[in-house]
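Questions regarding the structure given below will be posed in turn.
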Amino acid sequence: MEKLHFASDYMEGAHPQVLDALVKTNNRSTPGYGDDEFCKAAKKEILRTCGCPDGEVYFLVGGTQVNAVLIDAILRPYQGVIAADTAHIAVHEAGAIEYGGHKVLVCEGEEGKLSARAVRRMIRDYVDDANREHMVMPGMVYLSQPTEYGTLYSKEELEDISAVCRDAGIPLYVDGARLAYALAAPENDVTLEDMAALTDAFYIGGTKCGLLFGEALVMTGRSKIPHFFSMIKQHGALLAKGRLLGVQFQALFQDGLYERIGMPAIENAARIKRKLRERGYELAVDSPTNQVFVTVDNALLQRLGERVEYSFMEKVDEDHTMIRLATCWSTTEEKTAELLKLF
Amino acid sequence: MEKLHFASDYMEGAHPQVLDALVKTNNRSTPGYGDDEFCKAAKKEILRTCGCPDGEVYFLVGGTQVNAVLIDAILRPYQGVIAADTAHIAVHEAGAIEYGGHKVLVCEGEEGKLSARAVRRMIRDYVDDANREHMVMPGMVYLSQPTEYGTLYSKEELEDISAVCRDAGIPLYVDGARLAYALAAPENDVTLEDMAALTDAFYIGGTKCGLLFGEALVMTGRSKIPHFFSMIKQHGALLAKGRLLGVQFQALFQDGLYERIGMPAIENAARIKRKLRERGYELAVDSPTNQVFVTVDNALLQRLGERVEYSFMEKVDEDHTMIRLATCWSTTEEKTAELLKLF
Amino acid sequence: MEKLHFASDYMEGAHPQVLDALVKTNNRSTPGYGDDEFCKAAKKEILRTCGCPDGEVYFLVGGTQVNAVLIDAILRPYQGVIAADTAHIAVHEAGAIEYGGHKVLVCEGEEGKLSARAVRRMIRDYVDDANREHMVMPGMVYLSQPTEYGTLYSKEELEDISAVCRDAGIPLYVDGARLAYALAAPENDVTLEDMAALTDAFYIGGTKCGLLFGEALVMTGRSKIPHFFSMIKQHGALLAKGRLLGVQFQALFQDGLYERIGMPAIENAARIKRKLRERGYELAVDSPTNQVFVTVDNALLQRLGERVEYSFMEKVDEDHTMIRLATCWSTTEEKTAELLKLF
Amino acid sequence: MEKLHFASDYMEGAHPQVLDALVKTNNRSTPGYGDDEFCKAAKKEILRTCGCPDGEVYFLVGGTQVNAVLIDAILRPYQGVIAADTAHIAVHEAGAIEYGGHKVLVCEGEEGKLSARAVRRMIRDYVDDANREHMVMPGMVYLSQPTEYGTLYSKEELEDISAVCRDAGIPLYVDGARLAYALAAPENDVTLEDMAALTDAFYIGGTKCGLLFGEALVMTGRSKIPHFFSMIKQHGALLAKGRLLGVQFQALFQDGLYERIGMPAIENAARIKRKLRERGYELAVDSPTNQVFVTVDNALLQRLGERVEYSFMEKVDEDHTMIRLATCWSTTEEKTAELLKLF
């Protein structure tokens, strides 16, 4: 019997409409490297949706890749990027930012979130330090929406961080690997237009949100990065058949699909959370998106292991373990019900 | 009227059998990052075909990416990579090797090819130089089969270069972005098994040879690179849904498809070359694979421009231009005939 | 009236015996890059003193340079270096380690010191993490003797950390920018021989301990780094007239000068600490070497500012500031007495 | 009997006036990192001499270091530096430029010199290439005065290259490791003021021209590099006792010493060249500065080896070898006469 898949949100292929678009366009001949009609149309639609027609969109293959290329392109050699201590770039990118020559300047986060106050203090500490020229200068701010723990920045929180960045004259960049799951969450009050208005750059995650692969980096128009195309190439991040990204994102943004595609994930995650709470389980983080962090005892852990793919988070004590259950755009109510029978 | 597409070999989607495999497996849930059954099966089949069961296969997305990650993983900081002056890594990767901290040590090539003699001399010059510790040490040799100009190394030539490398104790690596077109060429006498026997690593090109995207890096077993997975991740080169590469390569290696897939390209390129020669055109390089380099006058160039996508190579003089016509696995006899009517 | 100099330990030129040696040898012609008799003799004497005749010594110009070159030479690209959060490489080298592509993996230190327990936990956390291949691997341990706060590792503490490193198979490296001040401290029980026995590499600081400039990196013999000379050159760290370093270190190690040279610093720092404690000042760190950290009120701070060069550490509150007073090999009892009159 | 030293121009210590300045200032206490009166005065004097009071001067320790730090600071990641194929940065810096992530774009030089025509063609080739965004963009031009072969750019040649650079909007940088020997050569018509007027940056070599160590990088005022100090630190290139550089350069620029200091080198090199030509020796390069390249037969080579330190250049054939004899500021007529007796 096949296991129930709640280990992560990149375990299946593409949303049917996306796959369909790839199949239908397969025999078309187009120029390479994104210089094709599909990419152009998709970029236009994304900028329209984000309300920033003067911005630019670059399509890349994966999230770590976007982070590495963009951060390296924005920062000068003497600068680093401020991030939460649990940030993907700080922990789970195998040192990709440092490989590019830059320090990740970590602030203690709360449930994965940076605060405007912590960012302001870090910038001010640098500016005030008599030895600052011997230190790494904060050159940009990185955060994720949703965060690694599935938590969300409110519009107000994002405005505050954005204001701190603008006061300091440094760009704000948001990693949106799971952005569709933020947009689909009832608790969320940050739209794509808000993202474009409040940041200098952000990426709209595709890999975890319905595509085979692909992320759309939106430069919101405040600043251009000259020769960014060459920097993508230099990082080995330029897709020869760039149109694959255009075709997929065009499908993902048709008729507002992107803003709806996360809903099954959110609904099923909500079901899981509700039931687990009812049954007295402790949820480690109060996450409103598609990730549920729950602590289970050894007996249950073994039972789950036989039937469910989940993610191990950490051993809490001899008898308990925190695990993560992730839903996604393809999660069904039926599978969720099966999962919940095990608790 | 749609143009005739002879600009390059990455202008369309995937071979039907490859696309079909992606569609059929789309709803399957698998672990990420290549730890799935499709990848395992594809790797096994590739190693079997190459006759090196003790080797390892890593799937990556694109060619520049493979080159950058592998070369960086093999070389120590004080080493560089020997390559022909026209090599892809020397000219057309936007400095990806240097971005990784390494010098490309160029030898003058002949029609894109390195000679064993030139490699031996470069290594010996380093060893003999009293100032060698102030210089970049040759740490590996890079070549392409076929080369940038579509030319081929014979088995004997490859054996000679391989022998030079082994004498010097440095690895030999072959870029096979268009390897299928070498394998399908009647002039070719180098099999995949020969490649595995004579090199330390080589990659089997997928992007230009029937896949949506993807390259299979074969480490032939002579040396392992510890933590190569982490280095792939660090370069932003790890595909989350790694199984997409496994699925595609499994289809590409089923029933020997890879060794056949280049044939239409070779046959149609041969047709083009034969006709052009008959009509008195000068072919700049005598290339036995899927690229035809021909010099045309301005009048013809304009006529072609209206009907054909081709690649500009260089302005020869006021009146003449060298262009490249590339065929591929999907090129048809009909389209080729249409093209030839224009000459 | 000239100010009293207690801002740091690199404010003057060289110890008279060192300067004298430079003057006496000035007209001698020698080969460059350290291939001269002075360097050879100095290296031999250092290895003899450290009791590791099979080790190697490399002379470099400054401390950040030694750290950057050595750490880059030891680590593989996927590895980082464990250090205390207050370590020089973590805070005050302008990102030199990250510039070389490596992450500094910080542990919370106590008064600048790493504990064996924290190091062991960091290594174990990496090994135990299911996602470790997406993370930076601990590849070496860095610590300073004395630390940034002037504190000392006891021999037992160093043995414990050394044992953790050997269990884990990773090298231990000690930054000895101020090592002479450790050796001269009565509280110290770690000799140069102990350093050589317990570490894989450490450097003997010259710049802050009597030389015009220069640090002696001792590789204790456990592992050699091939082509380290080329890596020094590649970092722009190779001194053309390398013999200047040999001449200075020869003088510094003659008749045990290095082990005595820190004594005036220690004696005068002890005087300062004793008096300040007597007068009720709060010493922020109980440092047994040549740095005194004291909190003063605004009135005193202003008075000091008129007469003394000191280092600003941090603003404690509206009315108080923590400052650092550093003594050095050339500090005299008279100047110290003058300083103390101001408190 | 001590050998005659003609191997290079960095085999002795400092010019007596320079050493004297170091001795006299040894006991002075100053702030570190170049923030002292000696550095300020020396910088002012250098800018005055160069006629660019709005420029900036940075003191570094060695030539490879200056090249690596400056080139890295000027170039954006997608850019490379144009240089002659024999340039120091292209051959003898162990890959320091590539270590910083940048390609050296080599042009074939003539006797070590770049021509304006070659630079213009390389820039134009890039601009004209349809694939230029896949290539490394020329971002600056590097040349040496004198070159590796001791040859000189005339003022007219330098004006031409400077004009090409300004047309293209890219900076021109000159490596002046041996600049004093250019200034002292009768054939030279390029003054320090010309250098400042025609370049964006150049460095005035100290190590080979009378100092213990040290190079003065002059940014001529056309462009500032923000936070260059931090980048120096990040490269491990910041001297703690920065005043040592100020003291030395102050002495070197006192009463025009720098413009005179190369004279003995030039006079003695001229003697050597005249005599060798008279005696029928073939001089490989017609070098007007302090390096003489001469081809000798095996018998003479052995005789020289017993009495003279020289530099091996290359084996010309079985019976002949090209060697280099370098004079310097301290070379005497007596030693030169002794040398010439051997030919």
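Chains here go by letter, A, B, C and D, matching the order in which they are written, and residues are numbered from 1 within each.
By definition in this document, contacts are C-beta pairs under 8 Å (C-beta built on N, C-alpha and C of every residue); 3 or more make two chains touch, one makes a residue touch a chain.
All values derive from a computational prediction rather than experimental measurement.
Student: If you tally the C-beta contacts for C-D and for B-C, which one comes out higher?
Tutor: More contacting C-beta pairs are found at C-D.
Student: Where the centre means the average of the CA atoms, what chain is farthest from chain B?
Tutor: When every chain centre is compared against chain B, the largest gap points to C.
Student: List the centre-to-centre spacing of chain C and chain D in whole Å, with centres computed as mean CA coordinates.
Tutor: Each chain's C-alpha centroid was found; their separation is 33 Å.
Student: Once you find the CA centre of chain B and the CA centre of chain D, what distance in Å lies between them?
Tutor: Distance between chain centres: 42 Å.
Student: Taking each chain's centre as its mean C-alpha position, how far apart are chain B and chain C in Å?
Tutor: The answer is 50 Å.
Student: Residues of chain A that contact two or more other chains, please.
Tutor: Chain A, residues with two or more chain partners: 77-78, 93-95, 99, 101, 133-135, 230-231, 233-234.
Student: Would you mind writing out the residues of chain D in touch with chain A in their complex?
Tutor: Of all residues in chain D, those touching chain A are 72-73, 76-78, 101, 133-135, 137, 226-227, 229-231, 233-234.
Student: Provide the residue numbers of chain C that touch chain D in the complex, in ascending order.
Tutor: 2, 5, 7-8, 10-14, 19, 22-23, 25-32, 61-69, 93-96, 99, 207-208, 212-213, 230-231, 233-241, 244, 309, 330
Student: Which of the residues in chain D end up touching chain B in this complex?
Tutor: Going by the criterion above, the answer is residues 77-78, 80, 91-95, 98-99, 101-104, 130-131, 133-136, 312.
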